[in-house]
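Next up: some structures, all given as structure tokens.
Two complexes follow with chain A in common, the first pairing it with chain B and the second with chain C.
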Partner chain A sequence: MNLASFGREAGRAAAALVIALIVAYVVVLATSQDPGAAFTTLLTAPLSSNRTLGLWVDDIAKLTLTGLAFSLIFQARQFSMGVQGQVYVGGLFAALVAMSPIGATPIAIPLSMLAAMAAGAAYGFIPGYAKARFGASEIVSSLMLNYIAIRVVNYLVRAHLAPPGTGQLMTEPFPPTAVFPAIIPGTRFDLGIVIALVCVVIVWFVLYRTSWGLKLRLVGHNPKFAEYSGIRASAIMVSAMTVSGAIGGLLGAVFVQGRAFGKLSIDFDGNLAFEGILIAIVARSRPLAVPFVALFYGYLRQGAQLMGIRTDVPTEMISVVQAVIILLVASSFTVPGRKALARLLRRDEAPAGATAGVAQK
Partner chain B sequence: MIELLMTVFSATFFVTVIRTATPLIFATLGGLISDLSGALNVALEGMMLIAALTAVIVSVYAPWYVAVLSGVLAGALLGALMAFFHLKMKADIILVGFAVNILAAGGTVFALSQATGGDKGTSINLTSKAVPAVDLPFLEAIPVVGPTLDRLLSGHSILSWLAALTVFAVWYFLYRTPHGLWLRGVGEYPAAPEAAGIPVNKVRAWSLVASGALAGIGGAQLAMFNYIGFTRDMTAGRGFIALGAVLLGARHPVGAMLAALLFGVFEALSIVMPNLFNWIPGELIQTIPFAVTILALILFSYRSQRARQLKTLSKI
Partner chain C sequence: MAALLEAIAIRKTYPGGTLANDGVDLSVQSGKVHAVVGENGAGKSTLMKILFGIEKPDAGELRLEGNAIAFANPREAIDAGIGMVFQHFSLVPSFTVYENVVLGSEPKSGIRFDREKAIAEVRALSERFRLNVDPLTPVEQLPVGQQQRVEILKALYRNARILILDEPTAVLAPQEVAELFVAVRSLVEQGRTVIFIAHKLPEVLEISDRITVMRGGRTVGEVETKSVTEQSLATMMVGREVSLRVERGQTAGALACEIKALKLVGDNGATIAEDLNLRVHSGEIVGLVGVEGNGQAELLEAVAGLRPVAEGAIYLDGADMLPLSVLERRGKGLSNIPEDRIAQGLATGSSVAENLVATRLDDARFVRRGLLDLKAIRENAVSLIERFSIRVGGPNSAVGTLSGGNMQKVVVARELSEEPKLLLVNQPTRGVDLGATQFIWKSITDARDAGAAVLLSSADLGELLALADRLVVFYRGRIVAAFVNSEALNAETLGTYMLGLETQEADTMRSALR
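This part shows the complex of A and B:
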């Protein structure tokens, strides 16, 4: 991406953000007793203390990882929505390792991360394989797997992993060796952000400096052309979903082993996994742009959380901002012209491609 | 096991199946129409959710049919919104769909807390109304089969009867009217209808609106008959299951209805099973409809793939 197009993209994202905030302001104005306070909280609260700064950084790390997972999928032009499910199975397996005897040893953190990645990869592989082998729509199957993962993990936590007899919906805290060390003591500023940034570099390298990455982007751009040039598009597709699943699983480990939790509880992802869609769209699926988008969006997200706690405007108001940003950014990239028309035709094929497995040909 | 069979073959179970399948049938038909026009509507879930909340809130102040209509209107408006962003603003339809889903998941909680004065999650404080059930007592007069028929056909929501009618109407529209032909043509190969002077984008836009309206009835049925009142995320994946049912139903209205009924059976099972087998954890029973959707989708995709391969083979 050259500098000019980078500037254009950044400008569009900023414009979308401003419009979304104006919409949010109107909504707050219409619903709040004290709109000024609510909106100020939304925009400034994350900076108010060390603790809130830590929450912000923690969100950046998680949003970066989910954004990367979605970016990888979107670059291959797949619409697997399974990151949430991968986060749950990843979190579960990380927790299982952390609570086993290994959890008390120094290798607890790397091992549980590996376990989480393996579990997430396996979970990401299923919809990919089902699509490549049987032509089953990956959108539907990955979403179904999300619901299954959440319910199974919630059941295991409630009935088996929580300390018996307490009725708690979370496990005992992990041993300190299995929880990420804090980088700044007393905050949630922990290893998670380092892991996320390392992942950014790795994903960038893999996508833009390896032959697999080239093939993946080619498959995403034009699967027919890729197929004709001897690339096995379905194999690339499955592997992209698997690798993205590993990132999703890793996010699960970052969730449960981060200082925010340090244990496995039910419904732990707080719908953050799905916000990776927004991150990936605004970042145009570019790995290097993902952390910057996560930086801005994480700020807004924390602001909304604090607004929900401190004022009369519920946190969920932020979903309006999310939807407006996605709609604007996703739509803005076609300017009228010949290039746009070519893109449009391809895009029109995308949904048909997703359902091609059952299309009556 | 015997108990389960007894339950499954009882008239009450049949009534439960119809009840659980009705929102799915509407949503599936909605998904079918937009899918046939070439726009995969992944926002069925969000449309149902917003329609459900709209219907519940309106039903506090207005009769039930006005509430249902307002749900339909809400769904149709969302469809129009999607059409605007997809067709006018050239956004990817799947991303637009997920924007609607995100808006629905958070927006309904937000709107509900405004409507109830602080309740985040359920509409328990709102005295909402229900869609009336239809009883057919005259059926009992029929000799021999009368009482059974009465038990099978009574107690359904009016909207369930409407669902059956809608399946026929959608079939008639798609396969017996010129506009239905347009719609299918636009989905199959847009260049041809374009060349024939058919307004492709207009057809797509209207099919998205219709899709939203149908999903909206489904949402109204869910919140005004299956459950009375609104709880956050009450659609619980039904919109996505409907999306699977569109594919499973071979993109035909009758197939769509059968697929929706199949998923209705499994949802009904997940409702009755906790009473029969209390040793199976509730969470695992709840996964049944989702697992069945994946399996059915894989099996069906595999079969249609095989059929396609055989077709190409016979051509050679």
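This part shows the complex of A and C:
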């Protein structure tokens, strides 16, 4: 990708963001007594303290990981939605290691991460295998597996893993050796972001520098061509979903072992796992673009959440604002969306039309 | 006689700077078939889009019956009596023919859709113009040729006086072309005007009255069809002398590939082909003749390892190929130029360099310990781009940005870069312009001269007669005739066997099967 097209895409995302913010402002105006303050909170709150900065960084790490997991399977043109389920099984297995005797030893963190990745990989393998072997739609099977994972983990936490008799919906905190060290003490700025950035480099390397990655991308571009070339498309597809599952499982470990939790609780992902779809779409499934998208998106996400906590904007409206942002940013990356945006902004019309023409061929 | 439709000094620059039309003139007489020919990229499609209101010219003028006109959109062009049939149809597959035809301008009685009237009108139109389509059949059950005639009906139903057919024969089998021409002649007999875009010259010479030749976005001439030959037209189109003759192979070498009693069965259990016996020698091209769907394409797939074999055997250099995977067969010296480059032969979203190594990802030159050698991949692409003169921005350009001819050159470059022992070729020049056709033919004969055994299938009998040393005819999944190619052999003879009208004596066939 050259610099000009990068600039164009960044500009498009920014323009969509501005429109989204205008819509958000209207929503705030209609529902808040003090819209100015509420809107300022949305735009600046993540920067207001070390603690909120930590929240932002934590979101970037997690959004990057889920974005990577989705990017990998989107590049193989698969539509598995299973990251959420992988996060839950990954979180469960990381917690099991952390709460076992190993949890008190120095190998607790690497071992629980490995356990989480293995569990996630296995969970990602299932819909892939079902598709390759029986032709089951990976969309349906992965969504169902999500429900199973969430409910089973919630049940285990409530009935077996929480301290008996307390009625708590979470486990005891893990031993300190099993919780990610904070990079800035007292915040959520922890090992998670490092793990996420290392993953970005690894996924990029694997996709663009290994023969497996090239095969995966060729399968994604044209499975018939891959078969014709002697690439075993179904094996690549299953392995892509398995590797993506490992990243999903790792995200589970980052969730439960991060400073945000340090324990396993029910419903811990707050639906963040699914937002990886948006990240991957806006990043065009390119691993190196994922953290940048996560950076901007994470900021708005935190801003909206802090606006929900600190101002009188009703929590329902927070979801509306978030959905509007997602809608506009995501649709600005479709062909008709690009054209409409270009027309609306009365700029860049010719290049936008030209790229649309190429895309339609 | 005044022209019915005129385009004068049309100029069109696309955003991004491509000058697609620059001083294009076109003058179409009423009641004639006017052909517009030119290589891919000559600007034919742009001109047609301007005539049909899809694109607006930057300069120049359109005149209909002498009056200046400007179409803002296709709707206005349709209202002015212009209809267009694109290469890619826009039909609703599950709807019947008449529903597709009237869609958008349905006859009404009150607010109710008047089905009876619609059916009657469509049937009348179909009969009047000898289009021979049953209005009640769902479109998805029709062969491509009939679907195309449904598109023509759509235009006629909207009272098109001028009908633009954009490369109508590209998707058709020879018989369907003949049927299309019957309809086209019937249209002009009844006063309609047809603009016929094409680059297959024999067809143009057969059907048209006048021909406008375009090259590089300009009109280079307008001629009476009677006054030109295929050769002179080709020279006008390409701008230099074109040789469409190829050298016959000298002598066939040793036996390379042997196919024995091969039987192929489809997914639904129906027999696709059986009792196929064929020997291909090093240094010869064997042409597979037949109407599409008689087993030629399936035979090539089976040899390539892309289709299971029910019975029989395939040997290459004496070794049994059936247990081998696609990659292992390629390792033994098999190359394969598939029928549809976009659907099967390329990943259009990937770069040229990646497409050029996709079949060799087990080769230590490009992949070591699972890691790509990007430098070697790039060098491979640079050298093949040069050797096969592929017109492309660079090795990292996406294949999808290339023209059809250059895409096909990418496929040919990949498959012929390694001196194959057995080369499978299916429809090598479909939708490819004259210059690229010439180049691809040369590449295939060069491979043959370097010792490749070639199995060539093509819907274009001219291509088979030009290239093949021997020809075998497929009919209903069996080989029904075999010929050694000679000046005496012609398309008509082959045609009678292709349609199963004649059968060959077993002895005659055996002698040509070698």
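What to note about this one:
In this text, the second predicted complex is superposed on the first by the 313 of 361 C-alpha atoms of A that agree within 3 Å, B and C clash if a C-alpha of one lies under 4 Å from a C-alpha of the other, contacts with A are read in each partner's own complex, and residues count from 1 in each chain.
The rule is simple: contacts are C-beta pairs under 8 Å (C-beta built on N, C-alpha and C of every residue); 3 or more make two chains touch, one makes a residue touch a chain.
Bear in mind the structure is a predicted one, so any value in this text is a computation, not a measurement.
After overlaying the two complexes on the shared chain, residue contacts for A:Pro110 are found with neither chain B nor chain C. Set side by side, chain B and chain C differ in how many residues of chain A they touch, and the one touching more is B.
Judged by the touch definition given at the top, the superposed model places A:Val152 against chain B, while chain C stays out of reach.
With both structures placed on the common chain, the touch criterion links A:Ile139 to chain B but leaves chain C unconnected.
In the superposition on chain A, contact of A:Leu214 is made with chain C only, not with chain B.
Legend: residue contacts after superposition of the two complexes on their common chain; A:Ile326 is shown touching chain B, with no touch to chain C. Contacts of A:Ile231 after superposition on the shared chain: chain C is touched, whereas chain B is not. Contacts of A:Asn222 after superposition: chain C is touched, whereas chain B is not reached. Contacts of chain A with chain B, set against its contacts with chain C after fitting on chain A, overlap at residues 350-351, 354, 357-358, 361. On chain B, the positions that touch chain A within their shared complex are 35, 38-40, 42, 85, 89-96, 98-100, 102-103, 105-107, 109-110, 113-114, 120, 190, 236-237, 240-241, 243-244, 247, 250-251, 281-284, 286-287, 290-291, 293-294, 297-298, 300-302, 304-305, 308, 311. Considering their complex, residues 14-16, 304-306, 325-327, 330, 336, 338, 343-350, 354, 358-359, 361-362, 366-367, 370-372, 374, 400-401 of chain C touch chain A. The part of chain A that touches chain B in the complex is made up of residues 31, 79, 81, 130, 133-137, 139-141, 143-145, 147-148, 151-152, 154-155, 158-159, 271, 274, 277-278, 281, 314, 316-320, 322-323, 326-327, 330-334, 340, 344, 347-348, 350-352, 354-355, 357-361.
In the complex of the two chains, the chain A residues touching chain C come out as 208-215, 217-218, 220-222, 224-231, 350-351, 353-354, 357-358, 361.
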